[in-house]
Structures are given as C-alpha cells and as structure tokens.
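One chain, chain A, links the two complexes that follow: it is found with chain B in the first and with chain C in the second.
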Partner chain A sequence: MAKYLIKRFLYMIFVFFIVSILMFAITKSVPGDPALKMVNQQLASTDPARYQIALEEARQSLGLDQPLPIQYVKWMANTLSGNFGFSLQYRRPVIEVVGTPMFNTVALNLCSLILVFAITIPLGIISAVKKRSAFDQAVQVGSIIGYSLPTFVIALLFIYLFALKIQIFPISGSATPGTDYTGLQRVGDYLYHMALPLLVSTFCSLGGILRYVRAAMIDALREDYIRTARAKGLREKVVIYSHAFRNALIPIVTIITSWFVSIFGGSVVIESIFLWNGLGNTILTALRNLDSALYLAMMMFYVIITLIGNLLMDIAYCIADPRVKLQ
Partner chain B sequence: MSKNEKRKSSLLLTIRRLFGIREKETDLLKEEQMQSPFRTMVRNFVTNKVAMFGMIVFLLIFGTVFIGSAIYPLDVNQQDTTQQNISPGFNMLSIPSALKDNAQDVAVGSTFAVGVDRDGKLYQWGKLTEKLQKMPDADKTYVQVSAGLNHALALTDEGKVVTWGNDRLGLANIPFEVKDATDIKQIAAGYQVSFVVTESGDVYYWGNPNALTISIPEELQGTVDKLVLNLTTAFVLTKDGRVVMLSNSATPFANIPEEIQGTVVDIAANDRAVAAVTSDGQVHVWGTNDYGLFEVPEAAQGKAASISGGRFHFTVITQDGTVVSWGNDLYGQSSAPELQNVVSTDSGYFQSYAIDEDGHLTGWGLKGYLFGTDQYGRDVALRMLAGGRMTMTIGAIAVIISTIIGVIIGGISGYYGGWLDNLLMRFTEIVMSLPFMPLAIVLSAIVGNRLSEVGRISMIMVILGLLSWPSLARLVRAQILSAREQEYVTAAKAMGIREFTLIFRHILPNVITVVIVNTTLAFASCLLTESSLSFLGFGVVEPSPTWGNMLNSAQNSDVIADMWWRWVFPSIALSLAVVSINLIGDGMRDAIDPKSNER
Partner chain C sequence: MALLELRDLHTFFTTKKGIVKAVNGVSYSVDAGRTLGIVGESGSGKSVSAMSILRLLDGNGYIDSGEILFEGRDLTKATNEEMYKIRGNKISVIFQEPMTSLNPVFTVERQLNEVFLTHQKVSRKEASRRSLEMLQAVKIPNPTNVLKQYPHQLSGGMRQRVMIAMALACQPRVLIADEPTTALAVTIQAQILKLMNDLKEQNGTSILFITHDLGVINEMADDVAVMYCGQVVEMASVETIFGENPYSHPYTEGLMNSIPRLNTPTGVRLEAIPGAVPHPLDLPKGCKFAPRCKYATSRCLAEEPALYEIEDGHQIRCFYPCKADRTRDIEQMKEAQHAK
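Coming up: the complex of A and B.
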C-alpha cells in the first residue's frame, strides 16, 4: 500500500508538470497583451515615446520580455512557493482573490452533496427493493429525465417558478444589496440567497446518483450472503439495511470522491446564471477579462483537485473492498 | 461459382457474422436455441417500450430538424426591428367577423391592424400590446384610422384626432393646431411619430423628433395633398402633382425622377423604395432595388390607379379594380389574391389589406410566428430548426471523433499490452485529469477569437471530441483484455488464424456493442456540453443559432417572465432530444447486458 502510494504520488507529480506545461502554453497563446492593461492608454495618443517606455517597463515587470521556457520556470517556481501571481483585474494577489469564491463554492456544493445523498439513498434503496414495481419504473424514468435535462434549462425553469411567478427566492447574488447585516442575520440572508442555486444544483445531481445507488443496491441484493441471511430467517429490514445496504455503500462511497472535484471546482453554469460569486464564476470573469494569472492559477488548482480526487478514489476502493489490490 | 463471386460472398458473410445474422432458416426449435446474441439484443431493445418511445421521439426531432431546416432555410443575418419579441400565434390576419363585410378603412401596424366599419365602429386585431388594448371611446363615430409601429390614430366624424397605444416620446401630446383643426383630411402614424394633413394642405406632426429627421419647408404648407412615410423619412404629394421628400438626406430615396413631377396622382413608400403613380397609370419606382421592387409587374404597369407600400413591398389597385403586389414575399405579402372592384388598400410592414366596393375586407401576408420572435425580430421557430441541425451536427461529429480516438487507443492498448499499453494508459489519464469544462471554455475563448464562424464551429467539435475519448478508451481496453483471454480467441490463435481476422472477426464483434452504447450516451452528453458552452457564450456564437445560444439572451428576469417563448421552446427541444437519446442508450445497455436485464 505504502509503496503504491509513493509510486502513485510520483506519477501525480509527473502528470502535474506535463499538464502545467500544457496549460502554460495555452495561456501564452491567448491573444492580447496583459501589459497593455497596466499602462495608461491615453498616453499612446499624447506621448507615444513615453508610452512605449511604460509598456516595456510593464512587460519587464510581468516578465514578458524573457523567452517562454524561462517564463515557465519562473512561474512554476513562484507557484510552488505559494506565489500564484497578481490578478490584473482585481489588482490583488491571486491567493487573496480566490478566498471568498472558494468559500462560496464549497458552502454551496457541500450543502448540495448532503441534500442529494439524504434524498437519493432512501429513494434508491426503496426502488431497488421494489424492483420493477410501478414506483421503481417511475423513479427510473424520472432519474433519466433528471440527469438528461441541461442545468441551465432547470435553472431557467426554477427562476421562473420560484423567483418570478411565486416570488419566494431572490433571483441572483449572494447578499441583499444595500443592506449591512451582521451576525445571524447575515448568515440568514446568505442562506436565503443560496436557496435557489442549491435547489437547482441538487435537482441536477439527483438523477445520476439515484441510478448509481439503485444499481449498487440491486447488485448487493443479488449476492449469496443475502440469500443466506434470508434463509436464516432474518427480518427483511435487517437483511436490507444491515446486510445489503452496507455492501452497497462500497461503490457509493467511491462516487463521493468523484464529487470532490465538483465540491471545490463548482459549476460554471449555475454560478454564472445565479451570479454566485464562486470559483466557476471567477474563472469565467477571469477569461472574459483576459486575467491570465488568475485563470492559470485556477486551472492548475482544478488539475490538482482532479489528481487528488483520482487518488482518493483508488484509496477508497481499496479501503472499501479488501479484495481490490493496488499495484 | 466464379472466383469473384466467391470473394464477394465471403465478405458479405463476414459482415453478416459480425452482426450474427444467419442466412439459413432453421426450424422453430433450433431457431429459438440458436438465436445469435445480436438478435437477442435487437429483440430485447424492441420489446423495451421506454427505449422504443425514446427512439421514436428522437427520430421525430431528428427528422423535423434536418428536413425542416432544408425546407425552410434560415438567413442567419436576417433581422427586423419592427418584429421584436412577438408572442407566438397566427392571429395577425384574423379580421373580426363584424368588420369583414362592412369595412370602411383599415390600417396596418407592425404586428397588429386597425379597422373601422361603415357604422364608424373601431376594431383592432393581431398582437396587441397592453397599451394598444386600451381602445379609445367607443361612443364616438370614426371615419379614418392609421397605425404605426406600436401606436394608432383615428379620426372622428367631428374631425378630432385620437391616439392610443404607445404614449411615450411625445406621441400622446397632440399639438393645439391639430386639436383645433376641423378640416383634417389624412392621418398617418409611423415609427414613433404621427402626422396630420388638413384639407387646406397643411401638415402637422408630433412624436419623437429623433426618430425621423423631418423638415417641412415653409412654402410647402398649404399645398399638401397626401403624405406617406417609412421608417426613415416621409414624402408628400402636393396638390399640383409633385413629390417632395421631407428630409434633406442624400439617400437613394432623394432621387425623385424629374419627369414625373406635376403628373403624380398617388405615392407610396416602403423601407427600400418609393413608388409614384402618374396620371397615365404608370408606376415609377426609385430608391434601392431590393427584392425586385423596381420590376413593376405587367399587370400593374400602365393601369395603376393607386398604390400603397409595406415594409419591403408595394400593392397597386389597377384601374379595373384588381390588386397587384410585388416585392419581398417572405410571408406571402406579395402574393395578392384575385380580387374585384377593390376601392382601397392599405399595406404596412408585412401585410396588405384590400377593401372592395361592398365593404369586403381581405388580408394577405404575415399571419404570425409559430414560436414568436426574439429580441432582434428573428423567427424563433426557424432558428430552432437551424439551431437543432447545428447542435446535432456538432454533437455527432464530436462523438465520431472521440469514438475513433477512443477505439483506436483502447484497442491498441488492450490488444498489444506491454509498454505500449502502459504509455497509452498514462496518456489517457493525463487527458482525464484535465478539467473538462474550464479547459473547453479556455480553449474556445483563446482559439475561437481568431477563427471565422465555420472555423469556430469546427473547433468546438474538435475540442469536444479531443476531451471526451478517455472513458471510451478505457472501456474498450477492458473489453478487449477480457475478450483476449477467452477460450475462443485462444482456440482461434491455436488454429493459426491471421491477426487481422482474429481482431475483426473474433474480438471486434464482442466489443462493438459496448462501443455503440457508449457512443449513444456520449452523443447525449456532447449535446449537453455544446449547449452549455454556447449558453455561456463560449461555444457557437451569434448570429449562428444553436439551442444553447438561443437561451443565452434569456438570462434576465424580464425575458424569463414575460417573453417565455424565447426560452421555453429551445429548452423543450434540447431536453427532449437529450432525454430521448439517453433513453435509447439506456435501453441498448439493458439489451446487451444480460446481467442488467435481470434487474
């Protein structure tokens, strides 16, 4: 196990560097000169000579005058030492910029994760136990529809229903504008604004997870030990919840790790529709404003999250099912 | 059997074996026992009602989108400011039955029409805004009506002018001269402006001064007989048969032919050209020669009595009382019916109406829009057809790219194994660890800005294809790995069968079903990804439509609440398509997997 982990970790570092070179190359091919944003554009018409000098200075301060490999090495060294660069759009270090969005995204997705599992696990178990019943068929079709509907369609529909027709939730944002709440009131206002994006994000994940839980449960119910348990004369409740569900949890636990990525990454679509100041929205605005330091840092963050997620998934498999051997 | 035939039949046999189709019919019992896996799958699939329902729905959508967009091609750059945000429905030509045989005057507005019957009662129909619905006093007797973009005018028998509809931009402020006047001859409502011509030949106007730049020369007052206007300017016909343009611009409208001055009996203006009828029945057209406006039909030339103009068409009443229309025929507004004894017509925007001497009112042209129009006045239904074709094409090509890459990489990796397998699988993992959505957005933002429209669309297909193959590659590899260890492959190898035959005849048939299922499900997710990208503005961009970017403009509460047709129809189409494809894919998976069949 330890040997595997070390090997796996080394491999992750290798992948990280490959991907970072790729990302860096992509970012460098973005049209537009970030130095232009640092220089007063009026200077170009009034004093072209000084404008050129200012531009050169800006390029030098951003390190743009050096060849690409050196730029890459410098950037990598900075990144590894925790300096993720300077966001041109916010005029603050990247690490400061992503703090609030990270909190918002994690809050939204964690709540959604809890809600989704609270709904899907009981529903999945019932529909697996009552396999082929009318209820099961309805759940099956409903879950296919649920995971097929595009996120933005559900978002538009929910805005129409719950923010415009029945005005119970605010349309967007993460705080009521013009108010200055403190303490509990502020938390309440925050949760109130989170309700609609939370509802949409939960609704969108229900279908997929529900199918997964149901399939895992059906597989577990087909095992020989279930037949043994029933033959022993155990009550059906014990058979289902104690014997079958515990074993069905193995694959379910492993998909939670695949959620790891989305908990931190956030959904670009949901966050941009509800103007939720999360990481997905941050990367969108960074791209629209060509804030290269910010989105490069964000992309690398996503890569690390994905790699860690994959590792966690492997370990979770190993822990959950001792038959799996990691090599 | 000749050698050639033999080869042909062995090729056919290979294909048949690939899908397990047997030529010889055996007896019933054997048939049942010997049913090939492929036949079992087909039977399983066909008996699955949900999957078949998905299949039918998908085929319907697919057929509608591809056949429909071929029959009704979309001009992506076509826009119309006068037709913005119109709700769905075909009531624009639904003349009220009380008016139908008793009409005195009719006027066409952008999306509605106003009429007055011989008893002086007002009627209006079509797409009416809230303000338009507040009709003026029903007690009064009206004699003349006129309609503009979103307001209307009516003249009472006492010579008073009333206005309703849009009241902004000074449209509600009727000047004192008009209020005091008792001899009003003509009223004309246009784009945010209203005009009045009196019997004494004076012209008054009010409304938005910036909509039309009008200057009425002092010497013209007192000589005006008739006034016509379009969206940019206005023309008057003087009592001595001359045509004068009311603005001093150098547009093609200003090229009034000199030889007709003094002999003109009627004029009409549309938004491309102006036409004048001279006393000898000739029609003279000047301006811009779009939609064949300069080619006056034989039936009208030399026989014209009066004329009226819409947005891009003209309608003429001939001296023997028939009507002739020509110009833009997008909505049939230039396909005039055969009418007799017509005494007056009114054309406006995309419609024409004619009244004969018995008061029968007939209309032709734009009836309405099936799914309404969007913020640029574009037909949502037409854009949905073209957008659906675009969405499906992008999805299909992306899936084909990803399937080819996935099968090749997975196949090589699984079949040859060893260091090649290791290398390819590490590469697959690298691609898998790329964050899909952010990377797709970054790539399309970076590369897309430099490309033409077609280039951008193909780039999105390639991005989707290049990022979505790893899961398929892993699946194919696993399938081939398990197939490679099967006894029949070992047996085939022991018999010394060529590698090529081994792969294509023995291993591939066992993998192909999985690939087909995976491709179907991947098609659905490609549709979703493309739509999400386009929705965010990083996929296919305007003016080319896709179902995703049609919803892009629906991201504000006014549109969601009040212009539901702009987001509901594309949403339904996209959802139906994805749901039906997933149902098909799911049914296929159940059909090939005997284990899941037990569930």
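Coming up: the complex of A and C.
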C-alpha cells in the first residue's frame, strides 16, 4: 500500500508537469496581447510613440519579451513557491481575487453534495426494493424530469415558486443589502441567500445519482449471496441494508469521489441567475479578458484537484471492495 | 410420520406471457434422518419445489395451493416471523454456486457468526468460537486463518465447505442441498459428498438432495423422486429405482438408459430421450411426457395419468408402468405395421 502510494505520488508529479506545459502552451497560443490591458489605450491615438514605449515596458514587466521556455520556468517557479501571479483585470494578486468566489462555490457545492446523497441513497434503496411499484414509478418519472430539464429552467421555476409566489427565499445575492451583520447573524443571512441556488443545484443532480443508486442496488439484490442471506434467516432489513447496500456502495463510492472534483467547479448558469459570486463566472471573465495569470492558476488548481480526486477514488474503492488490491 | 411433507403443492410464477406452473401438484416427503434425492432436467421444478419450502421464491413466484408440513405445521400458512426462525435454523440450504453464494465484501467469520447471532442468544465472542468449530467440522485446513479471509481468497471447494458450515451451524432438522456439487471438480465433488454424508450421520439431519446427476443420487439418497414438468413422475427407494424392477416410468427408464455403464459394450450408442422439455407455457394436454415417450398411445396424449402406488413404497405416474408389457406392446405394434 505504502509502495503503491509513493509510486502513485511520483506519477502525479509527472502528470502535473506534463499538463502544466500543455496548459501554458495553450494559454500562450491564445491570440491577443495581455500587455494592452496595462496601457492607457487613449495614448495610441494621441501619442503613438509613448504608447509604443509604454507597451514595451508593460511587456517587459510581464516578462513577455523573454523566450517561452524561460517564461514557463519562471511561472512554474513562482507557482510552486506559492506566488500565483497578478491578475491584470483586478490588479490584485490572483490568490486574493479567487478567495471569495472559491469560498462561495465550495460552500454551495459541498452543501449540495451532502443534500444530494442524503436524499438519493435512501430514496434509491427504497425504489430498488420496491421495484416497479407505484412509488418507484413516481420516483423514476420525477428523476427523468429532474435531469432532462436544463438548469436555467429549473432555476427560473424555483425563483417563481419560492421567491415570487411564496416569498420565502431572496431572489439573488449572498447577503441582504444594507445590513451589517456579524458573527452568527451573518452566517444565517448567508445560508438564507444560499438556499435557493442550493435547492436548484441539488434538484438538478438528483435524477442522475438517484438512478445510479437504484441500479446499483437492484444489481446487488439480484446476486446469489442475497438469497444465501435470506436462507440464513436474516431479516429483510439486514439483507437490504447490510448485505445488499454494502455491495451497492462499491459503485456509489466511485461517483461520490468523482464529485470531489466538481465541488470546486462553479456553475456559470446558477451563478449568473442568482448573482452568486462563484468560480464559474470568475474563470469565464478571466478568459474573456485574457487574464492569463488567473486562469492558468485556476487550471493548475483543477489539475491538482483531479489528480487527488483520482487517488482518493482508488483508495475509497479499495476500502469498499476487499477484492480490489492497490499494487 | 414424515418430518417434512409436501402435499399437492402448486407454485406458480406470473410472467408477462402468462402463468408458469413451475410446480404443478407435487407431493413428496422426507423422513427424519433420511435423504430424499430429487432428480429431473432443468426446469422440472425440483429447485422451485424446494425453495417453496422456505418461501424463498423470486418476486413473481407464489404458492398457489397445497400444503408444506414441517414438524406438523403448515409452512404455507406460517407468518414471516415464524419463517425467519425456521430459515437457517431448522431448515437450511446449500446452493449450487459456491463462487457467488457468499457475500464478497464480508469475511467468512462475519458471515458465519451471523447465523449464530441471528438464531442463538450468544455473544460475538462465543459466535466466533462456534464458527471456528464449524470450520473444523467441515475439515477446512487452517480454519483460524480462513475465518479472517474474504470469499474471493478461497477456492470453490473451500467456499462450498464454508456454505455447508453455515447451513449446518444451527444443526437443522432438514438440509436442502440444491445441486451442491454441480459446479465443483469431480475429486472435490466426492469429498463434499462424503462430508455431507458424515455430517448427516453425526447430526441425524434429513437431506433433500436436488441434482440432475443420477450417479450422485445413487450414492447419496435413500429415496428418489423423479420430476418432470413440475410433477413427480416416479417415487421409490433408491434400490427400486436403480435395481432390477418390473415397474418404472418411461422417463426414469430413459434416464437410466442414458447412463454409460461398465458393461455397456463399446460401439453401442447410449440411448437418448428424443425431443426437449416442453415450454412451461405450452404444456401438452395429456401425460406431460407423452410427446417424447416411445411407448405413448392415443390415451396418453388425451388423458393425464395420476400418481398411484403400484407396489409398496413405489409410486408411478403412467398408464403403462410394467416394463415387460409396454415393450411387448410396442413390438406387436411394429409387427402389425410391417404386416400391413
């Protein structure tokens, strides 16, 4: 196990560097000049000579005048030492810019993840046990509707229902304007604002996972060892929740860990509709404005998260299924 | 009095295409300490009749009518609560597939302990001690290690021993063995059969032994029930079925003729029963075996024979149970056709 983890870790470092080179190359091949952002554009018409000098200076300060390999090495060295660069668009260090959206996104996704599994696992099990009953069919229809409707439709529907018709949740934002709450009150206000985007993102993920849990459970219940468990005189509850669910857990663990990565991924649609300051829009605007330091940093962050996520998945798989050995 | 008795049991399955009468009026009984062998082709209802006893039928199966008497009680009318106490405790099962019959994510110890913890008031420690004893009883080498292992770490034969240990843990009155050796190599088969016989002698357990292997039946059973299309077609002691006997069902006769024997001359083809088992949704009207029977007459095709006792302890479901008579008849018929 330890040997495997060390090997795996070395492999992760290797992949990290390969991907970083690719990312860097792609970023550099994107047309457009980030230095333009740093220079007063009015100069171009009033004083072209000074404009050229200013542009050259800007390029130099960004290190754009150096050959690409050197740029890469400098960027990598900075990144590894914790300096993720300077966002041109916000004129602040990337790490400061990303802080708040990262927190908002992770808070929303983490709550959504917990909610999704808290709902789908029991519901999926009951559906599988009562396969083809009226209950199961209702759940099936609901889950199909849930995952076929696009997010924005569900979002608008929920806003209409829970913010306009029955005004229980605020329409958008992450804090009540004009208030100056502190401590618990602020947390409460934050959660209150998160409720609606949380409901929408949870609802959108329910269908797929629910079907997955149900299918895993139906497969497990069909196995020979379930018949053995019943023949031993075990109660139906023990057969379902201990023998069958423990086996259904193996595929479920795989998707739970694959969600680890998506916790950090922002949704542009939900963030835009609910004016939720998350990573989705932050990265999108960074791309639009050629804010390469910001999106390179974010891309590398996702690379690391994905690599860790895969490792976690393998370890979780190994714990869930004794037949799997990490070698 | 019989320990376990099935009386005119009907077990049906509802399918999209109609009702499948998997067990259609089956009666047999097992006496205390004896082994009843049930033989038949796949789909003859042998397993379903046994699973009906424990009410472990698939979702679409149900007992339509009949009685299952165990220790004088009718199990078809028992509550779920009563069934929980009988399964694995008084009546237990060994299944055909040792490779898939154990739960892959639990250790042998946990799966064995479960039986004790469910049926006997014992501590976890005591359950583990008894589990170890059971593994020793089924002659598993290195039982302390095996307890901690997962099923995938054991061979098929070992897993079947674990299954036997699990089934016999509570010293059941009846053991249902549903083709327990079919999936095993021949040498392992012999070991497992010997083990089952030894344990049966020790504990006085009755065995309901289901198989399509006549050789195994000859070795294991005291009595034999031959099943065809959800019915018992012949029932007798193993000596009667395998020995020289003036009476037999043509299906049993066919089965016997299909076994190669030491004195079968070389070059002689083994006799096979022509045709295939009829589809369960499209059963023939008269005798279920008539379409494949070389002795069948017009009466067989129109009328269904009943199971009746032809001699003491020997029941046959056939209009022409006497071997000599029906062979003579068929020869006369051939001669008559020649003469024409």
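Things to note:
Heads up, the rule we're going with is that the second predicted complex is superposed on the first by the 320 of 327 C-alpha atoms of A that agree within 3 Å, B and C clash if a C-alpha of one lies under 4 Å from a C-alpha of the other, contacts with A are read in each partner's own complex, and residues count from 1 in each chain.
Going forward, a residue touches a chain if its C-beta (ideal position, glycine included) is under 8 Å from a C-beta of that chain, and two chains touch if they have at least 3 such contacts.
Bear in mind that the values here come from a model prediction, so they are computed numbers and not experimental data.
Superposition of the two structures on chain A leaves chain B and chain C fitting side by side, clash-free.
Looking at the shared chain after the overlay, A:227 reaches chain C, while chain B stays out of its contact range. Remark: in the superposition on chain A the angle formed at chain A by the CA centres of chain B and chain C amounts to 100 degrees, rounded in steps of 10. Of the two partners chain B and chain C, it is B that touches the larger number of chain A residues. Legend: residue contacts after superposition of the two complexes on their common chain; A:70 is shown touching neither chain B nor chain C. By the touch criterion defined above, A:306 reaches chain B but does not reach chain C.
Judged by the touch definition given at the top, the superposed model places A:151 against chain B, while chain C stays out of reach.
Of the two partner chains, chain B is the only one touched by A:163; chain C is not. Once the two complexes are overlaid on the shared chain, A:298 sits against chain B while remaining clear of chain C.
Look at A:1: by the touch rule set out above, it reaches neither chain B nor chain C.
Superposition on the common chain places the nearest Cα atoms of chain B and chain C 10 Å from each other.
In the superposition on chain A, the residues of chain A contacting both chain B and chain C are 131.
Chain contact summary for the complex, chain A toward chain B: residues 11, 15, 18-19, 22, 26-27, 29-31, 131-132, 140-141, 144-145, 147-153, 156-157, 159-160, 163-165, 171, 215, 218, 222, 261, 265, 268-269, 272-273, 283-284, 287-288, 295, 298-299, 302-303, 305-307, 310. Here chain B touches chain A in the complex through residues 50, 426, 429-430, 432-435, 437-439, 441-443, 445-447, 449-450, 524, 528, 531-532, 535-536, 538, 548, 551, 554-555, 557, 560-561, 564, 567, 571, 574-575, 578-579, 581-583, 586, 598-599, going by the rule given at the top. Across the complex, chain A is touched by residues 54, 56, 59, 84-89, 92-93, 95, 97, 100-106, 114-115, 118-119, 150, 152, 163, 166 of chain C. Residues 131, 223-225, 227-235, 243, 246-247, 250, 320-323 of chain A touch chain C in their complex.
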